[in-house]
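Labels A, B, C and D are assigned to the chains in the order they are written; within every chain, residues are numbered from 1.
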Amino acid sequence: MNTFGKLFRISIFGESHGECVGIIIDGCPAGLPLTLADLTEDISRRSSGAKGTTPRNEPDVPEIKSGVFEDYTTGAPLTILFDNINTRSRDYTKLRETPRPGHADFTAMKKYGGFEDYRGGGHFSGRLTLGLVAAGVVAKKLISPVVVTATLREAGGITDIEAAIEAAVTKRDSIGGIIECTVSGVPIGLGEPFFDSVESLISHMMFAIPAVKGVEFGSGFAGAQMWGRENNDMLISTDGKTSTNHSGGINGGITNGNDLVFRIAVKPTSSTHQKQNTINMVTGEMVDLEIEGRHDTCIALRVPVIVEAATALVLADLMMQEGIIGRRYTN
Amino acid sequence: MNTFGKLFRISIFGESHGECVGIIIDGCPAGLPLTLADLTEDISRRSSGAKGTTPRNEPDVPEIKSGVFEDYTTGAPLTILFDNINTRSRDYTKLRETPRPGHADFTAMKKYGGFEDYRGGGHFSGRLTLGLVAAGVVAKKLISPVVVTATLREAGGITDIEAAIEAAVTKRDSIGGIIECTVSGVPIGLGEPFFDSVESLISHMMFAIPAVKGVEFGSGFAGAQMWGRENNDMLISTDGKTSTNHSGGINGGITNGNDLVFRIAVKPTSSTHQKQNTINMVTGEMVDLEIEGRHDTCIALRVPVIVEAATALVLADLMMQEGIIGRRYTN
Amino acid sequence: MNTFGKLFRISIFGESHGECVGIIIDGCPAGLPLTLADLTEDISRRSSGAKGTTPRNEPDVPEIKSGVFEDYTTGAPLTILFDNINTRSRDYTKLRETPRPGHADFTAMKKYGGFEDYRGGGHFSGRLTLGLVAAGVVAKKLISPVVVTATLREAGGITDIEAAIEAAVTKRDSIGGIIECTVSGVPIGLGEPFFDSVESLISHMMFAIPAVKGVEFGSGFAGAQMWGRENNDMLISTDGKTSTNHSGGINGGITNGNDLVFRIAVKPTSSTHQKQNTINMVTGEMVDLEIEGRHDTCIALRVPVIVEAATALVLADLMMQEGIIGRRYTN
Amino acid sequence: MNTFGKLFRISIFGESHGECVGIIIDGCPAGLPLTLADLTEDISRRSSGAKGTTPRNEPDVPEIKSGVFEDYTTGAPLTILFDNINTRSRDYTKLRETPRPGHADFTAMKKYGGFEDYRGGGHFSGRLTLGLVAAGVVAKKLISPVVVTATLREAGGITDIEAAIEAAVTKRDSIGGIIECTVSGVPIGLGEPFFDSVESLISHMMFAIPAVKGVEFGSGFAGAQMWGRENNDMLISTDGKTSTNHSGGINGGITNGNDLVFRIAVKPTSSTHQKQNTINMVTGEMVDLEIEGRHDTCIALRVPVIVEAATALVLADLMMQEGIIGRRYTN
């Protein structure tokens, strides 16, 4: 389903080339100050236009349709909508019969029996993350002074990200990247053993972001090569501070009061300017495919703010479950 | 919460040194043949005793307490219980004040205010995965002919696993490992866009397994270093078969009919025979810590069958949601 | 939360005098034909204007914002929105300090700390049921040939409903009513023992409708006065048909193939033209209260179509859980 | 599913003539004192033996299998089990082909395809409410000083309950009854508008109790016959006290600080000593049926303590959601 969360619950909807995309936050505490201006910065961080991102330039203007009254959240469901304006559906119609490699074209067609809105990826489009980013702003305000920061650490396998983009643009191909997310000020005790471990919830949310294919916490995959004594973090204070942070701030699925640290792998944008091959679903013949639509050379450039939003959404829910954030906002 | 799943839902309970551990499966279709003998093999794959595993040698005898009648599932909740017999609680009591590095001792104490059952990790113990393995047997039967296979690919950073164990035993330290899981025969169309993507659900479940700190699908972290054209999988047949499988069998969160492939990073066992340091929570002084309890040199050795179980549980739920598995079992 | 359902899940949002009210259906099967014209009849059955209903005359024009493409559902979340046009907020502002008897004014103020949108009942308004009715149309199509019919059986304690309205208008007071709902063509086997009994789910949904204060199935409260032998329904055919239907078509929480029959009690509209008393929350003094807004003499007149919608929504979810309705609509 | 609740969640399992019945509470705060002795009184109130109840005399001895350590809850899942001892399965086997009127025999057979444990009602047995009662004890402790009291107000249509039982025993038939439940000390603000209204949640839970066929809040069905001004409760203090309580303590789905008051209709026990008719599912012929098993003349006698438990369970969850009960118990 298109829903995540227990007490602070989000639901997303919309299609890339339909009327709109949007999100509902259900369970948002009453009394949080919120205006459209609060949303601007993060929406602009997600937006395209910079080198390495798609030239599709939606204005991305949010409308608050419910749940806010006189600039404060009311406690009722908070709905944020983004009208789709700059849609160029003709780019996509001819791809109907020839599913694009790496995209959900084939799986969506099979799952929904051909009734899916296929234009620009339809409901599978990365455009749906606009709502996540908007809701993330709300979540970030709620969890303050907990602070979430995500950064693109490498792209196309190198840390000089500008050079990586340059190379990809030259090659007319796309690249992926590694994003690191750090959360500071995390209260001790968030999360549950087993199924609602902090790792479970955060990874669940991260893999909801299109193009994410890997998540690791703390020393992660590298930790699997270390000795136990080396990978263990030594407790050095009774409030839980440790000398190292190979656990990524989580033991037994529960936050230990150190920074949360995790990394995610973002695959290269599936659409590239390179010629590719695919199968024609009608004729069964292999065909050449050139994807003419607008697309990002390195979608990972736009993902950090989405990762931050997704993380803040998980934390807001957990902090409400622990009673750290109440049903009425007070700060 | 200690629950996972929508239509095929599991709940685990119990403590390492309490009376028992167990699991309930709610929503299991009626009419599936099931006897205790079915559980033996997987329980034994998980059990300790082999080189590199703990000498704690529980008999691990399952009892079916509800939901099975005359060797068939009834459709009512299926409860499987394992009595704890070989408990040696005295090993652990002195660790109360000195949280073991890498374990949940500190976080549990803080989260539950000191009321947690701390003996042998209590509810956080890996022993709780016994229930998962038992439920996994049920799930594997349900999803047949879909087949899940997990294998330890490397330990302590090398692929010669026996050598790795040898080295660790010699060093009196512990090591981690990388497990690869492959699922064959997967129907097209499992999973949902965004929050219930197959990656989201599987990773959610994997991170519920103690010691797992990383999950990647298909080319995963390596894919983040590839060119888009290279990482994309070319469709070569109208039933979805692709020439490569860098996506791990998932596009847009939905299975595409190729094998599911993912890898998980298991950290080195937190308990080692090495002397470590920790803080005394009462005095606030740093102290030496030697962990005398029984423990595994390489817990990753025992995890593949748990990964299989966890994967089968996710798939059973998804296949029920799609109506591929009905409410009454028929095969 | 503002969400109901497991596989076929609805979420409502909006406020009486805000920008809009609406609903999202998540999990709607792909391929169901749906146009705005389908919604007209039921929306108009719910609307005001008839004798005994409020003269607030919203056009109630639905917009489908997502989830439908070329007149078929896509399988993605289906969003239906109703803009609020005919709002007269000034009617309500002076009631801020003097909570209206029978309304949620007092409880909302306390629950949301004064941040609630209080205009016209805000999020608590019966106007939110517009979304339910629209979603109900979708559900009715899905469950066909199962047919849900709800009828106002009595108003103000008598079965001559026109006379009852007449008397109430004369008295300038409001009245309630009893609605009976019958569902024909119900498959055997819907529902679960205990917490997801059909009675549990239907009553849960009925009590979500504002003004509903009682629900009884089959012989209900009258059955509590009967002999066991008399109240039992005799099975007269192997397909489950019974000679009587005191059980309301449900045994052990599961549908038995006979008609579902239940009745709901709708309280008199809380707003009346009678002068009432309430407390001034600021001064703590008792004050006279005349409610000048527009309101229904007998809200129960407008509730049958909502009851039908709510029932169809429950059944659609249960029929999806049983695999009777698939993820792709085929009829 | 056999699960109810969001933060304080219960799951029941077991069969009447299987090995055991039981319940798990997931999300119980840590630090609540709990011993087996706490359970005795309510279990005994539910038990049979008194005039009008079945002579099946189970000892009903609870075992706490997890979640309690040194007489305090740990925060981990709390499992309570009751072994079945006094089972006489031979009573029931011959009823396999001839479903008993009013019972779930027919619906269970159809739903589970004949794989259900049919002995004594199997998983549908009222014996499953033992777990509810045990969990109710925990919930009652948690919500204190909120107090829940349920009383049998009438049986067989009259308020002299002893006389009613007498008459039914003489007639060798069964009777039902009306139970009233009152909750005092309720905090203002529990519940949510619409789907999680207090009425929705309580009725959901009440209809999970076998034999319950009606639920009404406050003036309920009688209120549907009153004038609005008469049925409205006048606010007489700024803390929400009202002059009357026709709303049953709930406005807009939210508690208003007055007593919660609701009534439930319990149907006559389906099993009676009267000869009945039913259909033979194999031959298709109508046959006489005499039910020889042990059964209650008036099951309603045993239901008040179950109603109390069910109500306390709902309130505990809501009070946790509002942060009134924390994750660590403190009193």
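Operating definition for what follows: contacts are C-beta pairs under 8 Å (C-beta built on N, C-alpha and C of every residue); 3 or more make two chains touch, one makes a residue touch a chain.
Only a predicted model underlies this, so the values are computations on that prediction, with no experimental measurement involved.
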Could you compare the number of C-beta pairs in contact for A-C with that for A-B and name the larger? A-B
Using C-alpha centres only, name the chain that sits farthest from chain D. A
Distance between the centres, which are taken as Cα means, of chain D and chain A, whole angstrom: 44
How big is the gap, in whole Å, between where the Cα atoms of chain A centre and where those of chain C centre? 36
Chain A and chain B, separation of their C-alpha mean positions in angstrom: 26
Spell out, as numbers or ranges, the residues of chain B touching 2 or more other chains. 1-3, 12, 76, 111, 123, 193, 327
For a test of understanding, state which residues of chain B touch chain A in their complex under the given definition. 1-4, 12, 99, 101-104, 106-108, 110-111, 121, 123-124, 128, 154, 156-157, 168, 171, 173-178, 188-189, 192-197, 199-201, 203-208, 210, 212-221, 223-238, 240, 242, 246-248, 251-257, 265-272, 274, 276-279, 281, 284, 286, 300
Please output the residues of chain C touching chain A within their complex, sorted ascending. 1-3, 9, 11-15, 18-22, 24, 26-27, 30-31, 63, 65-67, 69, 72-77, 79, 81, 111-113, 115-117, 122-123, 327-328
If we count contacts the way the header does, which residues on chain C are in touch with chain B in the complex? 6-7, 76, 193, 321-323, 326-327
